[in-house]
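Two complexes, one shared chain (subunit A), two partners (subunit B, subunit C).
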Partner chain A sequence: MSGMPLLDVDDLQVTFDTASGPVHAVDGVSFTMAPGESLGVVGESGSGKSVTARALLRLFAITDDVRVSGSVHFDGVDLLRVDERRLRKVRGGQIGMIFQDPLTSLNPLMAVGEQIAESLRLHRGMGRAEAASEAVELLARVGIADPEKRATELPSSFSGGMRQRVMISLAIACRPRLLIADEPTTALDVTVQAEILLLLDELRRSEGMALMLITHDFGVVAATCDDVQVMYAGKLVEKASMAHLFDRANHPYTEGLLRLVPRFEDAHTGRLHPIPGQPPITGGGGSSCAFAPRCDHAFDRCHQEIPPEVAVGPEHLSACWLAADRAKDSTEAGRPWRRA
Partner chain B sequence: MGMQTTTETSPPSQRPRRGGLRRWLRDLQGWVARLFAGESLRGLLLRRLRDGVIVLLLVVTVIFFLAHVVGNPALVFAPVDATDEHIAELHRQFGLDRPVAERYWEYLVGLAQLDFGESTWQQRPAIDAVKEALPSTIYLTVVGLGAAAVLGVVPGIVAGARARKPFDKTSNLLSVAALSVPNFWLGLLLILVLGVQLGWLPTSGRFETASIVMPALTLGIVHGGRIFQLVRSATFEEMSKPYVTVARSKGLTEWNILRRHVVRNTGVTTATIVGWEYVRMWGGAVFAIEYVFAWPGVGLLTIDAAHRQDFFVLQAAVIIAGAFVIFSNLLIDMGYQFIDRRIAAT
Partner chain C sequence: MSDAAVVGATLETGSPEPEAATEPRGVLEVDDVAVEFDTDGGRITAVDGVSLHLATGETVGLVGESGCGKSTLARAILQLVPMQRGSVRLEGTDLGALPRRELRRMRHRIQMVFQDPRGSLDPRMSVSTLIGEPLRVHGIGDRASRARAVAEAMELVGLPTAVADRLPSELSGGQQQRVGIARAIVTDPAVLVCDEPVSALDVSIQAQIINVLDELRDELDLAMLFIAHDLSVVRHLSDRVAVMYLGQIVETGTASEVFTEPRHPYTQGLITSVPRADAESAARLQTARRLVLGELPSLLDPPSGCRYRTRCPYADDECAATEPPPEAVDHTDGLHSLRCHHWRDIAAGSGARPSSNSQEHAP
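Let's turn to the complex of A and B:
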């Protein structure tokens, strides 16, 4: 990371007030992204990774009772504090977003070309005809055959993978500087998954976009991202470069997640290693390490104090009381999670 | 009658062979199933028509026997000081001395030839009285529905789009009040306030252009309340769909999301809701409202005919109203199916 960051998130807190009390979905998350950088955000369901992404653009449901604090500086402007009008210019114009379920992400009664053109007319000031032909170009860019004809069709005549391609063309339509992809491949077949990831990576390079990829799947991050950060219960527990993390995962939670990636070498045992227990449903906001109840290495202090982020290597942070010890171990033994 | 159409599966087709009653019945059943089942619009139309005829026949039967068993028009028609002989004479004149079953059969045969019988009170064909009243009722229900649509649809969309905001809460409360209040009571209240105390509007009859305002407004408020509820929840549901979040992430304004996406997608549902409300109006409120405002329509005619035990007018009015309901139902259903299929086909 060098130069001025494109995105600078500082102490982001998102709290939902629900009938059963407040849920701290995001609990003090800070990170930066440089232009053109690709960042993977990994965590289980409920770890707060999707909410983080939505909070960047203040995309909440109309009925959400939500409190957001901290700051999200994009290109020097705090998105949490700008007025709706300026925010709408950023949405779709500067930051594009792709969502998890391509089957429900498109308006079922509007031709896909029209849905793309809508963005173009709004942000790039194109006329009707110009936007329509640009939409066809975009469909071609994301690998949709016969785009002229397909642009006039409704989403129902596209397969899941094709719809996700449409979604991507929609998100990149206005050449955003940051593309946020929230579990873009979760709902897709494995082969289609690979195609979509390849497409995202290629677009990122050709357009010079930064890419924030949210997923629960380390395999997806490994294929696409330079850097990765792991979230648990609304907090960042570890961040590092992808290569570094795979070699020297420090946080016990990261280690647990990495063990969950099915490995060819382990095929004969046919066994995965799930992390016992569930993430807390109320998110963060506690006064101890949120992962402690599920952690094999937890000791007294873990249950009493929140561990700070500790540097355990170059641009490698881990929020664990054992971070320093474990870092030493891993340099000596290498890839501790592989021994499992 | 529900909005969903059930798909009947035809039984395995059997070659017609000589055999017992059972096989013959099975063949007949298969034939009927093939005639009415299937996904074609024509098939659906035929099935709905068949259902409509059955329902009408039931309506005719029930109303005929109710009237003829309970009432005696001769007693109502005769002067107060009429002698027993006089009444017996009237009885014969009206054909009431013959067995009920015979009269019922005769009536059905007449109906098949579109002969609805004679009015005992007005001394003219019963259907003429209904024909005279029908335009007034259609006029009232159409204007009433227009009022209901204006009061229900637009606020419903706004409330659904701004769920749990003050406007939603207020309008929701008002609509619940509107649909909970008995329609005739609301009518009386309007008469009292707008007609009697303020003297702005005529209170009864149909003598001037403004006569329509109060009865139509009453219908509009009562049915608008229901339309509001349904449109609000349809809009709210649509607003909660992921594609709306996507539209928001594209940078569209809430107004454009509503206009370009949500309202467009709930259009068919809204049209159906309004259509059903029209049918519902014919099923009840219009009768009470016509009576309250002395509006010279089918409702008032029906109630008057019941009071005077003018059986044939009563029957004709109920049958025509019933046929109207069935026909409107059919139109809505076909329209809905048509649009739905066109959507599914593209």
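Let's turn to the complex of A and C:
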């Protein structure tokens, strides 16, 4: 079993059939995660990053008309092919999840300690008393002061940051081997965000769990993740170690995302550089580079063929024709064009 | 209440010349404003003696965490909530002293941009009707001049004429916020108050809207009060910045001063908490955790003395006993002031060491 990835996603495709036609939300995504690995997934709204995470656990609304193909091997078992009963054990068990708004995932009418205890009884087969005391322990573990008392309170009596801590304690209750966090700090103040990011990092290290963190903020990834992958129109367009990506972003979309936001350390340096246009609302599924219509560097081939993933550095992949041409021309892997 | 509660306008530094206050007197003068509310738990002072002056063409950023009073202050400035004390002068006119009808007449000179563009637009009105509405409400101009003003506002915010007849639901989030901004500037205001104008938008749209606001400030010579929790955005847009904590301004100065050399421990903590895309990102957050301890206290029971002391690693008995008055930072442009008993020691590195005994975090 050793050397086997914890998570092995192969050619994942997720298509929603909507009134206005099919939307290829995830379009052939493949990646692996090792035990204990931390991976940031970055992209704009609609890039497919959240749908990818939901597809791993087949978490779709009952109203969604959705088709999923490919495979998602978790610990050797293809989650896309196990029955619902088995999958329910994985969800909230071996794979924990936290979302941007904890209120949508917490029962507003049940004391938080009770909710955690319920999960412990379900997934870890604990008795009532044992589960109750373990719930208090977990609340303390995520930094909630006076946990015995807080365990008896409803979610509504917690502040935003404390509610997210409750959500995290619920997610880690069953000692997951993978924690998926979808924009976990987007709604929080910066000081609270800092606390939550540090907590996630500490839990990952102490519990040895893998962390997949979905965000639009490269700063958040830098604080918590070793590796990062960038998604656009349902595809992975770049993948690298975060340390490598800081100054060696290769794909024009990644460069665009990095230049899009004002960097705190920069004083006002004129106008920002929004990426022109919008992501395609139908997602992927095209026969050319989906980013080409918004790309300053696009040339004929970009509008004709889908670019392959090419190595542009050590453990650094980019799906871009510029990078592909450069890689063919030269053995030197690196930045294929100069910064504008 | 506290007569030392004025930051910026008259710095009580012990200097013999209070007129040396160099904060520009300007188009908007907010002096010693306090706002109280009754809540289920009792009466709270959401804004407690805040002073801020904005000059024409100037952008002042207002930052602080949820519940610090920044949005309440914005509403008080617009006279949307009653003030317990203090004054708001717009182009020399004391808004609080105006009868309701006169106040309505002044309102076109101070406009607001809201966080949620969708929620602030009537879904049944077309874009051009929405943008022209403030002109009709204020009885400004005739039909022809209003149409011209609407077209001009649309151009200024980058809305194509083709969308004039569309409904808000037919627009993208970025276009909706452009409509919100066009509505605010169509009456030719002197002051624009923006309350989290980009925080509900996707990142790529955020950049567009920030650029629109940036351009408007230059084109129209607006004074802008920019409220946001995203410090990078605030730094990008602001000439000066004021940091609020539990209803008070704890530090204020030019954006470059405050953001590069913050003196107040809270400002230092806030700035250090911003995750940056670099190799020191995680280490910086560890530092931030030592500068901002525990949780925000309740406004129902605010700490004695310095408001920040319950979360401050440098706090001592003096901080609990007396409220630090606003004090100017020496050797600066005179705009930089803060409320902290120990800032000199902290700056010199001789402040009490930040304790790392935050039991909040102990696993």
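Definition applied: the second predicted complex is superposed on the first by the 315 of 340 C-alpha atoms of A that agree within 3 Å, B and C clash if a C-alpha of one lies under 4 Å from a C-alpha of the other, contacts with A are read in each partner's own complex, and residues count from 1 in each chain.
Quick note on the criterion: a residue touches a chain if its C-beta (ideal position, glycine included) is under 8 Å from a C-beta of that chain, and two chains touch if they have at least 3 such contacts.
The structure presented is a predicted model; accordingly, all values stated were derived computationally and were not measured.
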Subunit B and subunit C placed together on subunit A: clash or fit? fit
Is A:Ala324 touching anything from subunit B or subunit C once the two structures are fitted on A? First, second, both or neither.
neither
Looking at A:Ala223 after the superposition, I want to know if it touches subunit B, subunit C, both of them or none. Which is it: first, second, both, neither? second
To the nearest 10 degrees, subunit B and subunit C lie apart, as seen from the C-alpha centre of subunit A, by 70
Quick check for you: in the superposed arrangement, does A:Val310 touch first (subunit B), second (subunit C), both or neither?
neither
Checklist entry - Does subunit B (first) or subunit C (second) touch A:Leu122, or do both, or does neither? => result first
* Touching A:Met110, do we find subunit B (first), subunit C (second), both, or neither? -> first
Touch test for A:Val66: subunit B only (first), subunit C only (second), both, or neither? neither
Across subunit A, the partner (subunit B or subunit C) reaching more residues is C
Inquiry  = Just to be sure I read the superposition right, which of the two partners does A:Asp101 touch: subunit B = first, subunit C = second, or both, or neither?
reply    = first
Give one of first, second, both or neither to describe whether A:Leu57 is in contact with subunit B, with subunit C, with both, or with none. first
After superposing the two complexes, the shortest C-alpha distance between subunit B and subunit C, in Å, is 10
In their shared complex, subunit A is touched by residues of subunit C numbered 65-66, 172, 202-208, 210-211, 214-215, 229, 231-233, 235-237, 255-256, 259, 269-279, 281-282, 284-286, 288-289, 292, 294-296, 359-363
Interface with subunit C, subunit A side, in the complex: residues 44-45, 140-141, 143, 145, 159-162, 189-195, 197-199, 201-202, 206, 216-224, 243, 246, 257-258, 260-268, 271-275, 278
Listed in rising order, subunit B residues that touch subunit A in their complex are 161-164, 239-243, 245-253, 260-261, 264-265, 343, 346
Interface with subunit B, subunit A side, in the complex: residues 57, 59, 61-63, 88-93, 96-97, 99, 101, 104-110, 118-119, 122-123, 153-154, 156-157, 167, 170-171
